[in-house]
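Common to both upcoming complexes is chain A, partnered first by chain B, then by chain C.
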Partner chain A sequence: MARRYDSSTTTFSPEGRLHQVEYAIEAINNAGTCVGILAKDGIVMACEKRVTSGLLAPAKTSEKTYKLCQHATCTVAGLTADANILIDQARLRAARYQYQYQEPIPMEQLVEHVCNYKQAYTQYGGLRPFGVAFLFAGYDVTHGFQLYQSDPSGNYSGWKATVIGANNQAGKSLLKSEYKDEEAEGEADEGGIPGIAAALKLAVKVLNKTMDGTGASTDKMELFVMTLDDTKQCVHKILTDDEVKKIIKEVEDEAASAGD
Partner chain B sequence: MGDSIIGVKFSGGVIIAADQSNARSILVYQSNLDKIPSLTSHSMLGCSGPNADIVNFSEFIAKNLELYRLSNDDMILSPHAQANFARGELAKALRKGPFQVNALLGGYDVKSKEGELYWMDYLGTLQKVNFGAQGYAGYFVLSTMDREWKEGMNEAEALEVVKHGISNLGTRLLLNQPNWLIKVVDEKGVRTIEFGADPADC
Partner chain C sequence: MSIFTYNGGAIIAMSGKNCIGIASDTRLGIQFQTVACDFQKVFKMSSKLFLGLAGLATDVQTLEKLLQFRMNLYELREERPMSPKAFAELLSNVLYEKRFGSYFVEPIVAGLNDDGSPFLVNMDCIGAPCLAKDYVVAGTATANMHGMCETLWKEGMESEELFETLSQALLASVDRDAISGWGAVVHIVTKDGVMTRELKARQD
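Coming up: the complex of A and B.
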């Protein structure tokens, strides 16, 4: 029955749904997982890299992590070609804001701009929605470090920790039990939300759970960290293979000793 | 050039003073004009130029800043951002239909808890300054302010510097500018310190 209301992006079904938007969200559930975690003094994002062929030339740039401006980076789950368009939009918006106000764009405004652009494709034009979900990680002086998630509908929300892409429900349930925001839960003695090192390990744990097969290895995982340096400038870092290997090892060791 | 605007930054705020004459050629239309409209709760724009342009430009900037505040969860842009925005609009208009406005933007930055003063002209020049003037006033008061301005002055000391400038203009400037409006912006916001003639009188 829903078939009749499937094809047009801009038509509601009798149940009040936009099927094309929902199908776009489905498309992302087949894509490589991305997890984002807000840490005490920074943000961690970890992505599953899907290598489709051994013949592929080694990538010079990431297919998951993209820098938007000096203080914001995003990771992508979904159709890379669609993502490129939206990333261009985000970079343009951030740069134009900087030009107009000579100040970095506040994170929520950047996210909202991209999302408004996506929303248009659910309401006008007869074009299909973008098959991309993003995790936006960024810093501004008003609200500090922030993590946002957005999807093809153009909705966005701020998160302490979240997962997009394949098996995101499993990832999210692991985060629910393991991500400690102690200040929010009233046990502030341990110092509140995790530090970067703990967040990195948690991110690897989440990817282990969501990825098929034997899980962790450096060529299947990409780890990204955003922090502030001494001059209050954002530092964006994609970890080297050695650094990733070290963290994977730490997680394995902890898992092994936890069984004792 | 007929409008005199004087601005002085002090520790924690900015004072801007402007004459209150609204005149063209030999006719004085009005002698209680407020040439220092507020842009936001914590910034003001002392303007020199034809009355139409002053009102048009200052309201345009003020309303855009208000739209920003409404769209972005009550966020007030810093004086630095406001000044650069205003400068950008002056630059855009320059090669279309210029705003004939020379201004001093005085604001209080809630982040740094400092006053900030910006000098801008109709060509799109922008410069952050400790003290400044627009109109003929500059010819007379920049030298005295250069000598008298000190880092870390308080509001009373800054007011002295401004009043010294006004007094000099009264003696040395050919144009008669009997009424002056003096405003201050600090952490409490924008308020009038004194006026020669009440702008509210019709």
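Coming up: the complex of A and C.
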């Protein structure tokens, strides 16, 4: 029955759904997982890298993590080609705001701009929606560190911790039980918010679950951390292979000893 | 008074041995009335690239912001720092786009290439570049500055000697120009970093 109402973006179904948008969201559920966790003094994002061929020679530093401006980075789940368009849009918007006001763009405004752009493809023109979901990590002086998730419909929401991409429901349920109670190495805040080190381990744990046992390794995972330096400027860091290996090992050891 | 001399100003950039220096006065005037003595005309675009802009003050400020915008996007997309040469080409294009309604500036691009060698360019207001291996000048006291630089500059100066030479050339030049001076700032750029010093200049 949905057949009649699902080939055009600009048509609601009788149940009040936009099928094209929902199909776009489905496309993302087959893509490499991304986890984002808001930590006490920064943000952690972890991505599953899907290496399709050993012969690939990548041109960019990452196919999952992209810097948008001095104080914001995003990770991508979905069609990379679609993502490239949106990332460029985000970069332009942030740079134009900075040019106009000589101030960094507030995070929510940046996210809303990208989302409004995506929304247009669900209402006008007969063009298909973008098959991308993003996790935006950023900092502004008004609200500090923030983590946002957006999907092809153009909806966005702010999160303390979330997962997008393949097996995101499994990831989310793990976060639900583990995010609040983290108190690793005395780095917890009053609200139980983990510190960066704890957040990194939690992110790896979530990826382990969503990749369901295909084995954590440095060439399959990419870890990103955003913090502030002493001059209140954002530091964007993609962890080196050695640093990732160390965290994977720590998680494995904890899991092994937890079983005792 | 021409539109290029409305606000006044003087900038020199010189090359040394694997280093460059760029210096400017800090006067902002409205014709003959001095309005500020801390007006920035030399801008650090990156640790190895400086942009000096002489001419109409509003265009100096606007162009700096515009080029910062363009450079930020370049570095995000290319994931690498912008070379002085690419920056100079970009600046030239930005200026020529306004061929029939130009920015009233005389820019200087001074930086170090990847291999540490100096890079100096000055341009006219519509982007015609002039590469130099010794020094470049811009502003309202260019005749004075050319005279000083031609005499004082020599090849292979190390950073301290370059600082002295640059400072003396600038100070002597602006002292003979009514609408330049009122303070000066000098930046010396080497592979190890930037040394910025304010000069004690005549406040007249």
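Here is the rule we use: the second predicted complex is superposed on the first by the 243 of 260 C-alpha atoms of A that agree within 3 Å, B and C clash if a C-alpha of one lies under 4 Å from a C-alpha of the other, contacts with A are read in each partner's own complex, and residues count from 1 in each chain.
The rule is simple: contacts are C-beta pairs under 8 Å (C-beta built on N, C-alpha and C of every residue); 3 or more make two chains touch, one makes a residue touch a chain.
All of these numbers come straight from a predicted model, not from anything done at the bench.
Enquirer: Between chain B and chain C, whom does A:Q102 touch in the aligned arrangement: first, second, both, or neither?
Expert: Once the two structures are laid over each other on A, A:Q102 reaches both partners.
Enquirer: Counting only touches as set out at the top, which of chain B and chain C does A:T142 meet: first, second, both, neither?
Expert: first
Enquirer: Let me test your reading of the model: by the given contact rule, A:C69 touches which partner, first (chain B), second (chain C), both or neither?
Expert: Touch partner of A:C69: chain C, not chain B.
Enquirer: Applying the document's definition of touch, where does A:T61 land relative to chain B and chain C: first, second, both, or neither?
Expert: A:T61 sits against chain C, while chain B stays out of touch.
Enquirer: Mind working out whether A:N29 is in touch with chain B, chain C, both or neither, as first, second, both or neither?
Expert: So A:N29 meets neither chain B nor chain C here.
Enquirer: In the three-chain superposition, say which chain, chain B or chain C, touches more residues of chain A.
Expert: Of the two chains, more chain A residues are contacted by C.
Enquirer: Quick one: classify A:L92 as touching chain B (first), chain C (second), both or neither.
Expert: After superposing on A, A:L92 lies in contact with chain C but is clear of chain B.
Enquirer: Residue overlap on chain A between the chain B contact set and the chain C contact set?
Expert: 99, 102.
Enquirer: Touching residues of chain B toward chain A in the complex: what are they?
Expert: Checking each residue of chain B against chain A gives 72-73, 75, 77-78, 80-81, 84-85, 88, 111.
Enquirer: Which stretch or stretches of chain C touch chain A in the complex?
Expert: The contact residues of chain C facing chain A are 65-66, 68-69, 72-73, 76-77, 79.
Enquirer: Across the complex, what residues on chain A touch chain B?
Expert: Touching chain B from chain A are residues 99-103, 106, 108-109, 141-142.
Enquirer: For a test of understanding, state which residues of chain A touch chain C in their complex under the given definition.
Expert: Interface residues on the chain A side: 60-61, 67-70, 88, 91-92, 95-96, 98-99, 102.
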